[in-house]
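Pasting a structure below so you can have a look.
Naming follows writing order (A, B, C and D), and every chain is counted from residue 1.
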Amino acid sequence: MVKLITADEAASMIKPGSRVAIGGFLAAGAPETIIDALVLRKVGDLHMIVIASDWEDRGVGKLVVNHLVTSAQVSHLGTNKAIQAQMNAGEIAIELVPQGTLMERVRAFGAGLGGVLTPTGLGTVVEEGKQIVSCNGKDYILEPAIASDFAIIRAHKADKMGNLTFSKTSRNSNPIMAMAGKITIAEVDEIVEKGELHPEQIACPGVFVNFLVKTKES
Amino acid sequence: MVKLITADEAASMIKPGSRVAIGGFLAAGAPETIIDALVLRKVGDLHMIVIASDWEDRGVGKLVVNHLVTSAQVSHLGTNKAIQAQMNAGEIAIELVPQGTLMERVRAFGAGLGGVLTPTGLGTVVEEGKQIVSCNGKDYILEPAIASDFAIIRAHKADKMGNLTFSKTSRNSNPIMAMAGKITIAEVDEIVEKGELHPEQIACPGVFVNFLVKTKES
Amino acid sequence: MANDKRAIIGARIAKELKDGDYVNLGIGLPTEAANHIPPGVHVVFQSENGMLGVGPTPEAGKEDKDLVNAGGGHITALPGASYFDSATSFAIIRGGHIDITVLGALQVDQEGNLANWMIPGKMVPGMGGAMDLVTGAKKVIVAMEHCDKYGNPKVLKQCNLPLTAKGKVSLIITDMAVMELRSEGLVLCEIAEGLTVEEVVKATEADLVIPCVINRF
Amino acid sequence: MANDKRAIIGARIAKELKDGDYVNLGIGLPTEAANHIPPGVHVVFQSENGMLGVGPTPEAGKEDKDLVNAGGGHITALPGASYFDSATSFAIIRGGHIDITVLGALQVDQEGNLANWMIPGKMVPGMGGAMDLVTGAKKVIVAMEHCDKYGNPKVLKQCNLPLTAKGKVSLIITDMAVMELRSEGLVLCEIAEGLTVEEVVKATEADLVIPCVINRF
């Protein structure tokens, strides 16, 4: 069951070279405290699975500017010049994945599925080198699941079972990334007793969460 | 946007021969009021997509005993002798689908995906006649999306946007079936004004819902 | 783009939105449409980061860090708003549950192809949610300036930048014209006040089908 | 099955459950394990219809129609319980997030194959959630009577009924014995009080690996 640890303990658990799925969308709902701890410990050679590369000084952008990321599966780089520069310099290998496809591929891994069939990207460079499968008379791209070693996510509140609630649009990719971590670490604003979260508001059940880290007040 | 109709209006909308995804699990969370209206109108020749065939006098079992179902995709028949008798007599065509696979296939249709790759059923009769796909070094069965014309579901409360909340384990397949209906009709206990549902408790956003029916008090 | 051009395009987009529609407006110019919804028309705006029921920009000082749109900008929530995760958000988009999406473009062509996510060797921001939106929405509208900043046409015979999706655009709204993809080709339906058909045709590389009657907007 | 046999099997299953485990107990005999959890061991029970944190059966008159298990029986919710839809429930199961599932069987064999969902021409209840559970859970335990009601072995060399899953069972707990699938074969680890190894072997069709030391349970 879930265990409370420090951000530094979380960072020390993540070995260089790990595949890490990180929640958040343009840094909204990003686990900033754990990201800062990774930067402090210089945990490098990471493969990052994220919706966007955020900003140089916010969200996973901080991992990029500190040269801790060597490859990424990501849907949007537009707000971070550092990642574009590193990509052009050949320092980081980028697989651009349409956002909906990225979410389904991550969810598939967490759900024990091998992949999904999506129409997104048909007739574009996204389909290159991939198998096209016809189902019910339509063509789809076979998109394999994306595996990750760790998921690092951000939630609003946790109870002592690891159940999580989220606040508004900072939910975004967090519950999906949580499903996919072999080990999932959730950064939260507040930890409450069992039974104190409304059971119908739990958008990520504790079964997906292994460790909790309290957000550092800024 | 969503419109309030009577159960009889809902039943009159569903043409004989339609493919209908129906929420509920062993009749818990089943849309009984709409099912009763279908029985009353004798809407027949239905293809039913359900987790279980429920009991003869509860849930979708009532459609079966009234001979309104000619085919079904379903994971469990064990509580309903009528459907087993009709199957053995060749009156109803059954495709047995593992429950998790059924949910993913229905969700895939609602999510615009052509299908999913699942390990469930490998080495069993479930894989017969299906394509086996290797992904990341493991084998999976390619399971196509299941299309439906209508989804009939049950929720606890709706607001006037069609947003739905559910009560405990009566949620089950309802939000998934709701995604998959070209037209989705939700039976609810109570309809409240916009803004009266807690936004973090909405487990099925109104975008998936076309019509609301009030549950008949029993 | 000048504010008056933005307003003209925004108002024209808004005319496409019907009461009860679920709408996703892309970042930038398309969001201008939200300022021009006619009275009595109620539409629900989606933000693909996980929300339905997006309201107007908050007053200064009333921003909520947990309430942002797909461009990271602060927004508000209307009564009846709902929140969900990104997988559900794209299930809504890809599954055909969004009635209309309006997106900007680098190029669009007479086959309904759209290019709006990269210029090889120059700018690679990534496709974000655009490919799913264009693939999944029931109706795809492109809203953009008719020509690029050098005056070159953006409505082409065939896109030469990497595509966002193939053959999915059904309507193009620019500061000069409204063009619809129909079986007979790309039809010039409306032209802006003060322009002639010839001026529009000259600013367009695509073959335009010119009907007998062309309205003004 | 006699109540004392049920209790013995239930108690033996319970010894497999470790503090912090997420557990799914199949309908019938496996649920008996919930009555034998040792003090100090906290496990979380899942019900695949969409819940974690299943508590004991409610007192008569206190049933909640919206709170049922995968067999349709009334249950209660413990503090910290959560509810979710069926797709998420099977994502939990198939995705390897359940530590242990315990299921009944019609047949199980020395290759770890399990048959528990149909007898062709006789009984076709359907697989329900069983195929996903056996495929996805980290550890699959079969709990059943050692022989069928006619005294025929149910632990076979090879299942002849349609399989639920191939090679996924790791432990078999019956009223007579505890058998584990290991690289060397199906190992007879424990036998019930009052029985001899010979009696167990006689009631078993599968080839059993007999270790030097066999414990009692």
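Some notes on this structure:
Keep this in mind: a residue touches a chain if its C-beta (ideal position, glycine included) is under 8 Å from a C-beta of that chain, and two chains touch if they have at least 3 such contacts.
Since the model is a prediction, treat every value here as computed from it, not as a measurement.
Identification of common neighbours of chain B and chain C yields A.
Using the average of C-alpha coordinates as each chain's centre, C ends up farthest from chain B. In this structure, the chain pairs B-D and A-D differ in their number of contacting C-beta pairs, and the larger number is found at B-D.
Distance between chain centres (mean CA atoms), chain A to chain B: 31 Å. Separating the CA-averaged centres of chain A and chain C is a span of 29 Å.
For the pair chain A and chain D, the distance between C-alpha centroids works out to 35 Å.
Under the contact definition stated at the top, the residues of chain A that touch 2 or more other chains are 104, 107, 111-113, 118-119, 166-168, 199-200, 203.
Residue positions of chain D with contacts to 2 or more other chains are 77, 83-84, 90-91, 93-94, 135-136. Annotation, chain-chain contacts: A-B, A-C, A-D, B-C, B-D (touch as defined at the top).
Listed in rising order, the residues of chain B touching chain A in the complex are 104, 108, 111-119, 131, 133, 135-136, 138, 140, 142, 144-145, 147, 165-168, 198-201, 203.
Of all residues in chain B, only 1, 107, 109-113, 159-161, 163, 179, 193-195, 199-200, 202, 205-208 touch chain C in the complex they form.
Across the complex, chain D meets chain A through its residues 19-20, 22, 42, 44, 46, 52-53, 77-84, 88, 90-98, 135-136. Those residues of chain C that touch chain A in the complex are listed here as 47-51, 64-72, 77, 83-87, 89-91, 93-94, 113, 124-132, 135-136, 162-167. Contacts from chain B toward chain D in the complex involve residues 25-29, 51-52, 74-79, 84, 87, 96, 98-101, 103-104, 107, 118-126, 156, 166-176, 203.
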